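Shared between the two complexes below is subunit A, which has subunit B as its partner in the first and subunit C in the second.
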Partner chain A sequence: MIRKLTLSILTLAIWMSQAAGEEKAPGFRGDIMPILFRAGCNAGACHGAAKGKDGFMLSLFGYDAKGDYYRIVNEMVGRRINYAVPEQSLLLTKATGKVPHTGGELFTEDSEYYKTIYLWIAAGTPDDEGKVPEPVGLELSPDSFVFEGVKKDGNLKVTALYDDGSRRDVTSLALFHSNNKSVISIDEHGKMKSTGAGDSHVFARFNRFTIGAEVIVLPPAEGFTWNNPETHNYIDEIVFDRLKKLRIVPSELSDDETFLRRVTLDLGARPPTPEEFHSFVADESPDKRAKKIDELLADDAFADLWTAIWSEQLRIIGGNYAPVGTHIKAAETFNEWIRTQMRTSRPLNEFVAEMVTASGSNLRNGPANLYTMMVHAPRLDPKAFAADFSQVFLGIQIQCAECHNHPFDRWTMDDYYGFVSFFTGVSRKPGVEVREQRIFYDKKAESAKHLVDQRPMPAKALGTVEPVSQSGDPRRALAGWLTSPENTYFSKNLANRVWAQLLGRGVIDPVDDVRVSNPPVNGPLLDALSEHLVESKFDLRSLVREICNSRVYQLSCAPNTSNKLDTRQFSRAYLRRLRADVLLDTIVSVSGEGKNFQHYAPGMRAIDIYPRTNGSTGGDHHGDMFFETFGRSDRSTISSTETSSDPTLSQTLHLTVGDTIMQRLDANGMIRKIVEKSETPEAALEEMFVLALCRKPTTGEQEGLVELIGNATRDVEVFEDIFWSLLNSTEFAFNH
Partner chain B sequence: MSRRDAIRDAMRVGSLGALGLSMGDLFRLQAAEGGAFTMTKGVQKTAKATSVIQLHLGGGFQQQESFDPKPEAPVEIRGSFGITKTKSKDFLSDNFPRTAEAFDKLTVIRSLVGKIPDHSQATYHLFTGYTPTAVIDYPQMGSIISHELGKKTELPPYVAIPKQNGFAGGTGFLSSAYGPFEIGSDPGKGSYKVKDFSIPEGTSIERVDRRNSARQIIEQRIRKMEADPDMLDTMDGFYKQAYSLLTSPEAQAAFSLDDETEETKQLYGSDVVGLRGPDRKYHPKGLAERLIVARRLVESGVRFVTVTYGSWDCHVDVKSNTLDQMPALDAAIAGLVTDLDQRGLLDSTIFWVTTEFGRTPKINRDGGRDHHARCYSNLIGGGGFTRGQIYGTSDATGAEPARDGLPLEDLLFTIYNQLGIDANKELLAFGTRPIEIINGGKLAKGLLA
Partner chain C sequence: MKKLFLLYLAVVGNAAWADEINYEDHIKPIFREHCLRCHGDDKQKADLNLQNYASTMQGGSGGEAVTPGRSSQSLLFDSITDPDDDSRMPPNKPPIPQEHIDMIQKWIDTGSRESSSSKSMVEARDTSFQPAADAGQKPEYPAMPEELPVCETPELIRPLPVLSMDTSPWAPLLAFACQEHVKLVNSRTGDELGSLHFPEGIPHVLRFSRDGAVLLAAGGKPVEAGKVVLFDVKTGRRLAEVGDEVDAVLAADLSPDQSLVALGGTGGIAKVYSSADGSLKYKIEKHTDWVTTVAFSPDGKTLATGDRAGGIHLWDAASGRIRLSLSEHSAAVKALDWRSDSKFLASAGEDGRIVWWDTADGWPAINKTNAHPPKRVPGTYGTIPNGVLSLNYDAKGNLVSTGRDNKVRVWDSKGKQIKKFELEQGIPISAAFAFDGVKIFAGDSLGRTHHWDL
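Coming up: the complex of A and B.
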């Protein structure tokens, strides 16, 4: 033990003599902070926690270097740093596990990390003098990898770029992680090993930057034959190009019945009628699918569905609690304003810009309700509002940066507080009647203050350096920046949401968690969709038309051997449970029996329902038990995952014995009429299948069900039971 | 990464078998990007209790008229009521004669310390142990218990009677599968029927079987397409589970009052009324039946039952509010604790009467009391909690704790402890961010036997 110690002192003496020589003593920001980061000292689970850990606190991932210097050097004189005997500094003895340390041993005495910290202490823990070069970005080399099969190795090298133009290899100081360890694993030195076929990303983090490299691990080439599928448009070219690289063969084109049901549910929020089914199947024109898409796009139902989607996203709830400004009358004004924009094909950038800059009465100026509905509260909280605003319109979650620089993205606290300042002046005052609130911009309002040093942060757009000009209401500048064609965050966010609505999964998913470490699964695809949106002057219908006409949208959900496991590259249609409101409308549609909603006139469609209440609009509001059971957003937050299509036991119980189906099995004697007019049970079954599933029964189904019916060919109850099973089938509840 | 969305996707492991989660979800999770769900180990503990019945009195319960009367204070603090003695010579408000009789089984806490006198935030605090934040949504105690202890029988581990409180939060960063099964119907009403939980009258079992047979025939087509076998397994699993719950006499009986005698119902005070209703008639409050069902569920293996009762936000006329709602509460508390004890369930069942905060010491000019979170009362019994104890005292006016002030976190910590759960244990939100079940809670040894 003593010998070992002597030895290490000896080595240190050598290092020290080096330090005294030409080598400069390590700097705090440039050398020590990266070690704390790399060793995980300032991670959220350790001393980076809000209240520190075991009595020692560091700023999370080092957002506050000055404070960290103080806490290490000055807070406990003689303990954390021991100038007389540097190797007895807790900073070193804890990190090497020589004294009990919750975090265990982080590095050894013979590591470079130890040496650097030792030298820094021995040099008197110099604080940085003058300007320290700031990292401005990272580079990875290589920046993409293709592995032929599993158990192949690769190395990642990370270079930091500094604002003085210098570069430094920081591979030994960076943290690494893989987005999917079942495709690629990566160790703490940046060494990779392929583990399974697929595509993913590996990431390196250093300072406040995260950078990713794409990794493709190829399945065996044998058995793979690219079948050169026909392409309908550029979407197919891009998706198929990607699939070919991944050695995935896309599924076949779906049949006409499946396409008809899929597109009618997706664009019209309802199932096709039997008449539509028969005429579409009989139509022999080669462009009948394109014509069907145009027909559905021209229908008001398309606009109404998108009104429902925006209404949910912007959290429209109508209440009767005056101080919040969300009276039913305000909700109705806002909802109908959205409907008008959707029905008249208002360009989406103008649609958003008008809301962003809106002022005036909540009862008369619909778009001004962006500032009453998105955050339900008596006063607008600029922080909560800015966080929701950025998540809805940019897909970016900046709220992490309220307390620390975003650990997995580029957003800093400067970005956050600058963005919040766009809304610090948004204010309300009572109008002429109790339900009325007038939205106005208070030009005297102060900017948000930075958490660390309390300096005011004037309004500035995300990722920009200079604040916007502050003459008056900065929301105009915000709207200009936000909705300009150059702001691809905006156009990509909208394009991605539209894509996700139609394909069941975003190119970035979840759609409102856009960050460096959650990259698109197909970058060129998202770029192309976004460009299409911009070039079409933000025309929603144009983008939807393009997507629905693609072969990718029209693929079958039946997999082949190569794409069975694909759940994210759009090589086949994925099963998607219908949205709660569309499912309810679908049940109503095929049973012919309407549904009434509280606070609404009878006979409304579920997609036209936003929650209404007699009281306050704070908290959860579903608007109907069915919506609650089937995961429609309760509008308590703007998060995209509030809307859930996860199956649950309660849903199954409800469809099995609940009133939604029970009341409709024998509604209007519909099944009775079908049975009575059908000459054979087969004919009745066919009519019921077309009605409920938009297809004829298979031979197997015919035989099985006819056997089940047995002699009871005129027993209406038996056919009602079969109707039950149609409404309880996976094919019915899902789009496929 | 942040918030519920990121979390939910990353946090689904372990929910398999609980309500709503599927093999499909699990497979998707395994394939999902981001770190898997792991947790920092807590200390292994032995469970003294296996179940909790929480009776929540929403709105802010008046401790002065119930568990912490101030008989010697001036009338504007004391209010309209006197006191009643327990066998151990402690006293409760005279609104609690039956509870005073059964008090040798219970602990009253008079020095509970909350944080925020706001319904929504304080209720969230009570149910989750945390005050609400914009970034992290915390799970409810019932969800955490389901997550930690799992299902005991085919019944869901967390049940709300009749529904959960609207401010109580949700499953937070845990999967929605850990949410409460809401029975959606009030056992105290003649029309009581668990929502979507029984085969409709007039539908024969033959029809039910025929429906399921026909469904299986129709499922074969999509099965053969192999579109998403995990999802299809999930759906089939739910249909099987639904069928078994709907047709299992045990599962059905767990929710039913049919086997309960009139005597038992009266023990819980099923005939106790309050003030005349708007129709000039007296009506029983239905709490007795809710608690009987809660007891039946615990007997059948449910881990956490939350029962709600009454409307206690008495800014105006605390006297009428008390006279109307308190008698049934008194009878039901005494009835449940007596019944649990007689059945030998009291040692394994924690019975806990909660409220989000108390009321102000001084009666306001409307004859009501306002919100007061700095010192208020709860009642707890069973599961190893002391039998027959007053824990803590409030000062002369009841404004602040005078002795043994008990932070809400400590109470929650102690309840977890009795269930064998170390609340210092950290669950990982976002896949990387450790969150203690209770932040900074301590074991309140003084509460335990």
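Coming up: the complex of A and C.
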């Protein structure tokens, strides 16, 4: 034993003399914390778990250096650290797997990590609080890669930037990951290998920072010929520029029929009527698509669609539950206020700002319902509210930062608690009548307290340093910051949501999971859309017009050999199942037979329905069985994934044998009228196709059906069956 | 003159009574404001009625709501201070104001008086110390090291923290822990008397036997091996080795008659062995976390064990059957020591408490919170650890404690602090009185020992 100890002293002497030439002994924050991070000690599954592991807890990814120092050095004196014989410190024997360790061997005794920790213990575990520069950011070099084909190698170098202006190569201390391993793989040393054609990002994490580099793996050049598609506006230029770079050829322009159906469903939430079909097809003017877009934008149906989208986002439910503030009267006030804003083209920044600063009665002041509807609870929980607020209006999920700095984004606990403090004073009291809740700002409310040290965190906007003015209601300052043109988080979030609504996929997707590690698939595109929104003074219609007029929006959904695998670069139109409410309204529209909803007057459109359910509004509320089956948001959370277009067996069964279609086929004799007034079965077929699918039957379809009909050319039931099969086609249920 | 004096008495007397918090004058108004709507004469949710004293003391369907003298064990106090918004009373409201909480706590802790004229529900405990007639006989020739074997001590980069120390009860002898050995020092002269080799690793526990003839050393290497070794003080000879643990032994003691050795550690199990043949007598498996400290009572009847979750249990030393569970600590128990008359047990924990337990019925006769209050620089936030790390009784019922506030404090048998000493650097982690009570010793996390005259 003694000999062994002497040996270790010798080793130490050698290391010490090596170190002497360079600099001082390692410090905790500067040198040890990065190793704990890199080795995974403070990861969530290990000692970074809320209660630690096996009695030893570290702050997750190291958000609490002071606490970690205490726990390693002083919590159990003599156990984790042994000053007398550093190599007997549990910190080292566990990490090297010399003694049983659930986490296994993390590094070896001949590694740099071991040496650094050893020297730190030998130096008496110095705490370098306040003595080391703080990291302020990361740099990757190179910051983007283009690989010509698969099985090519690349190296990532990570540099940390510090507040004293210094830089340090931290490649050996960073953690790496790839967003799509089927495009690019990356190992723990930052070495990459291309695995398949496509585009993705690789990321490095160090300290509380995450940074990404774009990676493009090109398909073979042979067989690729750029088709130089015509561009309608800057959207096309940006998207095609990207496609050309990725060697993806976009699809052709869609035909007039497809465009008409697509744009009418997208902007009017309904299918085109046969009259609209005939006049559009007959129109010879070159700008008829643009005119159609303008026509649809001018219609109230457009405003009603966006009322429904916002109503879903803000979780409007008429629950008749006064303690929570969800009385139907309140829900109606809010919903109609939104409708008015949409119909009058209220700039979106003003629309949001009015809600953010709203106070007063929830029955009379619509926007004040933001504070009772978005989170349904007997009192406002500032943390839950702040999390939902940022997800809806910024697309950012900050709630991770409640307990630790966001591991894959820039948000720190300081950001989080400062943001929560905007809402700590938002309070409510029962109004004069039982259904009423009055929203007010309690100026005496205290700021949210930081989890680590309980220090009060005055209200502060995300990513800013200085708190806002602390006199009075800080929501004014919040609204000002949030909706200002400089806050691109806000304008990008709105632009991205509009884009996703029209193209079926966000430039950032999901739209409410914006983070450094989920970058836009086409950064310049999102920038341009966001700029357009700001320049148009947050005019929703202006942005929608711009997008719908682009060739990208109008592309056919038919793939070519080059783009058939593309699912994210908008090289063709992506098939989209109709929203549940639009699908229902479409069925009603083509069958001419209305639908009644519980708690609503007869003849309402599905798009105008928000759930009215008596009682508690906890849990899911669809408002109608059809909505539930077809994945309309149940408004149980604000998440964008609440709205689902996933196919299910019950959807198919519902459409084939359920009463929604079956009862409508012969309900009003519509097919009978078509058959009776048509001179030939061909004419009847054509009318039914136009009605249901907004196109004429193909020759093949027509010939086949005529043959099927045979001489039953006046049998209404046969034509009803044909209409049934049209409504059960995927073409009908999809926007294509 | 006489009249004046009486008047004076009356005034002073009243003032004294008014200080005693009672149900009628102080607590009921608080209940009225926050609780009676649901727990009053009109409604008794959970069968609890706080509108009069008798029904308050009777409790509700959840059992007794108030345990006089012990807010920490009172359901009522728990429910108004619950950090979970969903469980705290009153429901769906912010907590009741801190000054009301403090008042309720004080009311319970001072014995839940009904009115200004009623007596405390808690009887006063006599914590004073009288040496018993038969208290540990002094040996005729108290053992001192005479011819210790030569012990090679390893060369070290820096000293090991002084994890443990103890003094002989009858002789000027101090033992303290070093890397792979135990150092013995004459506590009067400061002369080093030699070292006992402990190649097992780090000595976490050192305890002299009641007669001072045997030194128990326990410890080992973390997550490798652990053992208890009994040394003959005079010759340094190893008398026995007990235990074969897979981790360092963190807690150990030798029974007064030297027949039993108790040990515990990270396995969460306390084991009691026969010192004669090393056979296992019984296991204690009640602890839910590491066993951090064990101590036999000086009369040999009871074994006390403490764990890292704050639990303390008393056991019949001979049979291993449970006698009492003592719950007061909310964080790791760091030390247990018995007063020489076996009537009181002192415990210390990372929650900053020292508790003097009346071991007849397990009552916390003195409950000192913030026994080692940390210094808080103005403007700093957050929890500054204020744990108490070690305890040691002298023969007269005084107690020395060390804590994370870098101080060594001495308390009398009534729980009054009589001395304190501060270290400028390093955390004091072990301490002991000299056998004659004129000095105290302390060891710190930097591996240094300190001594002060009392």
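As a convention for this text, the second predicted complex is superposed on the first by the 711 of 736 C-alpha atoms of A that agree within 3 Å, B and C clash if a C-alpha of one lies under 4 Å from a C-alpha of the other, contacts with A are read in each partner's own complex, and residues count from 1 in each chain.
Going forward, a contact is a pair of C-beta atoms (placed from the backbone, for glycine too) under 8 Å apart; a residue touches a chain by one contact, two chains touch by 3 or more.
Just so it is clear, the model here is predicted, and its values are computed rather than measured.
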{"item": "Superposed partners subunit B and subunit C on subunit A - clash or fit", "value": "fit"}
{"item": "Touching partner for A:124 - first (subunit B), second (subunit C), both, neither", "value": "second"}
{"item": "Which superposed partner A:99 touches (first subunit B, second subunit C, both, neither)", "value": "second"}
{"item": "Touched partner set for A:515, first subunit B, second subunit C, both or neither", "value": "first"}
{"item": "Which of subunit B and subunit C A:59 touches, first, second, both or neither", "value": "neither"}
{"item": "Contacts of A:82 with subunit B and subunit C, given as first, second, both or neither", "value": "second"}
{"item": "First (subunit B), second (subunit C), both or neither touched by A:652", "value": "first"}
{"item": "Subunit B versus subunit C as contact partner of A:736, first or second or both or neither", "value": "first"}
{"item": "Partner contacting more residues of subunit A (subunit B vs subunit C)", "value": "B"}
{"item": "Per-pair minimum CA distance [subunit C against subunit B, superposed on A] in Å", "value": "5"}
{"item": "Subunit C-contacting residues of subunit A that also contact subunit B", "value": "none"}
{"item": "Subunit A partner contacts - residues on subunit B that touch it in the complex", "value": "1-6, 8-9, 19-20, 22, 25, 28, 30-35, 120, 134-135, 156, 166-167, 176-177, 181, 184, 195-200, 207, 210-215, 217-222, 225-228, 231-232, 234-235, 238-239, 241-243, 245-246, 432-434"}
{"item": "Subunit C-touching residues of subunit A, taken from the complex the two chains share", "value": "1-2, 5-6, 9, 12, 55, 70, 74, 77-80, 82-86, 88, 90, 93-94, 99-101, 122, 124, 378-379, 381, 450, 452-455"}
{"item": "Subunit A to subunit B touching residues, read off their complex", "value": "43-45, 177, 179-180, 182, 200, 383-384, 387, 397, 399-400, 402, 407-408, 510, 512-513, 515, 517-518, 556-559, 564-565, 567, 572-575, 618-620, 625, 637, 639-642, 644, 646-654, 656-658, 662, 698, 700-701, 704-705, 708, 717-718, 721-722, 724-726, 728-731, 734, 736"}
{"item": "Residue numbers on subunit C that touch subunit A, as the complex places them", "value": "85, 92, 152, 154-161, 163, 178-180, 199, 201-202, 204, 221-224, 248, 266, 289-290, 308, 380-383, 385, 389, 404, 427, 429, 445-447"}
